[in-house]
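One chain, chain A, appears in both complexes that follow, with chain B as partner in the first and chain C in the second.
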Partner chain A sequence: MEFFGLLVISGMMNGAIYGLVALGFVLIYKSSSVLNFSQGHMLLLGAYIFWFFVGSLGLNLFVSVLLAMVSGFFVGVLIERLTLRRLIGQPLISLITVTIFLSLVLEGLVSLIWGTYPLQHVTVFPSSPLRIGKMVLTTQSLFAIGLALASATALIIFFRYTRIGLAMRGVAEGHQIMQSMGISVKRILNISWGIAGIAATIGGILMGGTLGFQLGLSHIGLLAIPAAFIGGLESPEGAILGGLLIGLSESIISGYMGNAAGVPAAFVILIAVMFFRPYGFFGLERIERV
Partner chain B sequence: MSSASFYPPSGIYSDGYKKDMRILKTRKQWILSAVSLVFLFALPHIPYINSSYSLRLVIGAGIAVIACLGLNILTGYCGQLNIGQSAFVMVGAFTSGLLNAYLGWPFWASVIPAGLAAAAVGTVFGIPSVRLKGLYLALTTLGAQIILTWIALFGLTITAAGFSVEPVKLGGIVFDRPEKFYYIAMFFTVVMTFFAKNMMRSKLGRAFIAIRDNDKAAEGMGIDIFRYKLIAFAICTFYAGVAGSLLVHYLMWAQLESFTLQDSIWYLVMIIVGGLGSIEGTIFGVVIITALKELIFVIGPIAEETLTFMPIGAGSGLLLIIIGGIAIFFLSFEPRGMAHRWNLIKAYYRLWPFGY
Partner chain C sequence: MLKLNNVEVKYAGVILVLRGVSLEIPEGTIVSLLGSNGAGKTTTLKAISGLLRTELGEVTAGSIEYEGRRIDKLDPEQIAKMGIIQVMENRRVLEHLTVEENLRLGGYIRKNNNVRKDLDMVYDYFPSLRSLRNSTSGYLSGGEQQMVVMGRAMMAHPKILLLDEPSMGLAPLILDEILEIIRRFNAEEKSTILLVEQNARTALGISEFSYVMENGRVVLDGPSSKLAENEDIKEFYMGLSRLGEKKSYRQVKTYKRRKRWL
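What follows is the complex of A and B.
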């Protein structure tokens, strides 16, 4: 039972981070209906940029987090400007493949600048454990869950009540209509990539603090993709719930089955969900009939 | 299609559909094709370029052509993104390898079962395509890559460790060296290319193109989308299985490390650079990317040695940037790939000096 509780706690914590990264998918999908396969690598780059500010420049932790988030925003904006902008009007399949190759370029960039070995560890959170009964909670997991929930709430409010958020939802429906209503589609797409960059960076800092700053961080993207899909690609709250579901199942399954079964299990769940509810639990169902 | 949009030279009349559908329309094309076929099979006997290094490259390219042809039929012709092709190559490779290592089936008996096994697995992963399109489908194929690799790694002890496979035998000849296996690889490459080219100009190919261009219109015209999508999946993965079977009998060793997500992405790069929806383009893409890969493997270590200020592993980083960069460049600036460029060059040559 104790073991199970531990698995649940660690699953919740990882799940919250997957949810956070999945939010990045949702954001980009909602505004441009593109699935960004490079989200995991944006996370990697964000984590390394954070490490650069803390480890190499020796800046204060909070300043570095802030600076990393700002850089994350600009990384997202730059990616959109340099690659996706050129492909407006191309079939969706090329947009998706571009993001696959983008992930290669980002990983290459990281290993070109920082090398392929893991970087020196940086303590992000104070490691004073909290005890509830027999279970031990790290401050980190609380931070992760809190931050993920806060970001999700912020995004839901953002999409529902702000001008830009509403414009993003409109842009997802059709570029021409929004353009004719006086909204700059390009600017909206740009901003949504920037915000996705911020979400990836936060996830990267949280994950880097736990797993260490290494190239394997990008694999989180592989788990965040099923999370976003199970929740439904249009829904921020779905992304968080999907993330928690994937995190829990990953930690419980690999806890009892071992053998790194977490990632394949996530995809098995994903395929099962897609058989029965192709648009996820909270996604918009688009009905197409001939 | 790219080739249909270019008219044959003057004096070639297509007075009938049969003539219009010919692959080789002019006498010059016949001669050039025959010469290049002879050249292809005579390569091991031509001095200076018949080193086993270059033969190994050509064999690798030939096997990649088979896997990429399948991928191009599914992704380029039918429009269903597949980012797990190397997992299906793996299914074929292990099927053929296990049949050989345990039941003693020779290559010739196991190559078709390998393709069929891969096709069966591929069709299962293609079933979600009934209800899913583009982006969602990309995920099931990514899932295929991850799940199948996991099964091979933890499900069966034999496939995780790797095992040896007997070389191909025909009569008394054992094709155990690159100089000999070359003929087997080229034979299969040529035959599979011919099949692909033929399939894509038949009813099947036209149905695939219709589904890619507008699936609703295609269904309205009476094409059973689900059935044709599954057929596309089956063909794609059958090609992958044959490629895998060839690969293990060539290496005489079956191991998991040859079939990673990275390899699947390589296959995608090859067909994008070559040209989506083009059989010739597939070959162009494979040749260009194979050459480039080899170049980077030569340059990478040298660059890493001379540029000492770079961190360890920077060479592999450079490799990734170059691959990704090239693919993004082609998608942005030449979305129709080298096949289109090739047609432009042909048209230029034909019309010269009055190219207006």
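What follows is the complex of A and C.
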């Protein structure tokens, strides 16, 4: 039972982070129909930038997180401005291809600046053992779950209740309509990328804090894709739930069947969900009325 | 206020859609633009609002001036911010958003805190929208969606409102209601209105001045009351014979009037 409890906690931790990264996919997909395959590498870059502030410059933890989030925003904005902006109106497949290779560029950039070896460990969360009944947990995982869920909630609230959040949902419905109302679609897309950059950076800090700062962090991008799809690519809430589902199943299955089974299980679940709910659990169904 | 001089529009650089259109829309009036399918009415509106540029269209000759300033090279966002708002045809609501969210986005460019007041103004013009404010706009009826897109444009307090076929597919009763609201909005908010219509009776009834387009050209213009008396308009756009009776289709084959303006 304790073992199961531990699996659940670690599954939720990973799941919350998957959800956060999936939220990045959703933000961009919703407003531009582009699936951003470089999301995982934006996370990697975000994590390393955070490490730079806290490890190299020796800044205060809190300040470093804030600075990393600001940088993450500008990384997203810059990527959109330099690559995708130039491809507006081109076939979607070429935009998506660009994001795939962008991920390699980002990885190259990271290894060029920081090298390919894992970086020195920095303590992000205080790690002391915590007893609940017979289970022994570290406070670290609880922090990570809390932070991931809090930032995800903040993003959802932003999306739903702010002016710019509303404009982003509008852009998702139709670019020409938005332009007819004088709203600059380019600017909104730009901000969407910036916010996806923030989400990626927070995910990167959380992942780096638990797994260490290393190039392998970007693999999480791949696991967040099923999370986004299961939730239905257009729904921020769905992304979080999808993330938790993937995280839990990965952790429980690898706990009982060995590590090798965990990751493929996530994709098996994705395929099963796609069969029964092609729009995902919370995706927007196409409105058809005549 | 708004002036089009010999405007020529090409799509994709080769397809000539407007061949020298000149219009003049004085401040505070309702002007209508008549014509059948493919005459170039919608293209004219898109040339004014700049939305042409989102569909590979381009003003290749002539000029469009708004209050003395050339606007034919500006982005649609800039033109909208100057107060020229187009309501596109086919009731283009933002489907998954609620009615009120649609309206709020309409007022997005007005950087003030009076959204509440503007919403009330729109609900005042379209009382039925108030109870539908939290409904998903994609599931509304055609008439209600037409109200949403018009209300959305009103939120921006347009100086010039470009309406593209508000009558399309609406029941006559709802159409009357919408026409009345257009008239009220013009009178109360001092908004200039350019109305594109296929339905000549509707357009001539509501506007002060009208232009008739065919094949990308303006072929006839004049005060609406006068055009309504014009034999050609009556015959070709309202389906009446010279006696003012319903046209007898028995005669169509044997007798075909030439349009005088061709």
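The rule is short, and it goes like this: the second predicted complex is superposed on the first by the 285 of 290 C-alpha atoms of A that agree within 3 Å, B and C clash if a C-alpha of one lies under 4 Å from a C-alpha of the other, contacts with A are read in each partner's own complex, and residues count from 1 in each chain.
Everything below uses one rule, namely that contacts are C-beta pairs under 8 Å (C-beta built on N, C-alpha and C of every residue); 3 or more make two chains touch, one makes a residue touch a chain.
Remember, predicted model here, so these are calculated numbers, not experimental data.
**Q** Where does A:E107 make contact in the superposed view: on chain B (first), on chain C (second), on both, or on neither?
**A** first
**Q** For A:S94, decide between first (touching chain B), second (touching chain C), both and neither.
**A** first
**Q** Once the shared chain is lined up, is A:L270 touching chain B (first), chain C (second), both, or neither of them?
**A** After superposition on chain A, A:L270 lies in contact with chain B alone.
**Q** May I ask you to decide whether A:E80 touches chain B, chain C, both, or neither, giving the answer as first, second, both or neither?
**A** neither
**Q** Can A:H175 be said to touch chain B (first), chain C (second), both, or neither?
**A** Only chain C; A:H175 stays clear of chain B.
**Q** Contacts for A:E250 in the overlay, against chain B (first) and chain C (second): which applies, first, second, both or neither?
**A** A:E250 contacts neither chain B nor chain C.
**Q** Give one of first, second, both or neither to describe whether A:E237 is in contact with chain B, with chain C, with both, or with none.
**A** It touches nothing on chain B or chain C.
**Q** Let me test your reading of the model: by the given contact rule, A:R163 touches which partner, first (chain B), second (chain C), both or neither?
**A** In the superposition, A:R163 contacts chain C only.
**Q** Of chain B and chain C, which one contacts the greater number of residues in chain A?
**A** Looking at chain A, the partner in contact with more of its residues is B.
**Q** Quick check on the complex: what are the chain A residues that touch chain C?
**A** For this pair, the touching residues of chain A are 163, 166-167, 169-170, 172-184, 284, 287, 289.
**Q** Looking at the complex, which residues from chain C come into contact with chain A?
**A** Residues of chain C touching chain A: 49, 51, 54-55, 76-77, 79-81, 85-88, 92, 94-97, 101, 104-106, 108-109, 136, 138-139, 152-153, 156.
**Q** Show me the residue ranges of chain B that touch chain A in the complex, using the header's touch definition.
**A** That would be residues 75, 79, 81, 83, 127-128, 131-132, 134-136, 138-140, 142-143, 146-147, 150-151, 154, 216, 219-220, 265, 268-269, 272, 310-314, 316-325, 327-328, 331-333, 335 of chain B.
**Q** Where on chain A does chain B make contact in their complex?
**A** 33-35, 37, 83, 86-87, 90-94, 96-98, 100-105, 107-117, 222, 225-226, 229, 259-261, 263-264, 267-268, 270-271, 274-275, 278, 288, 290
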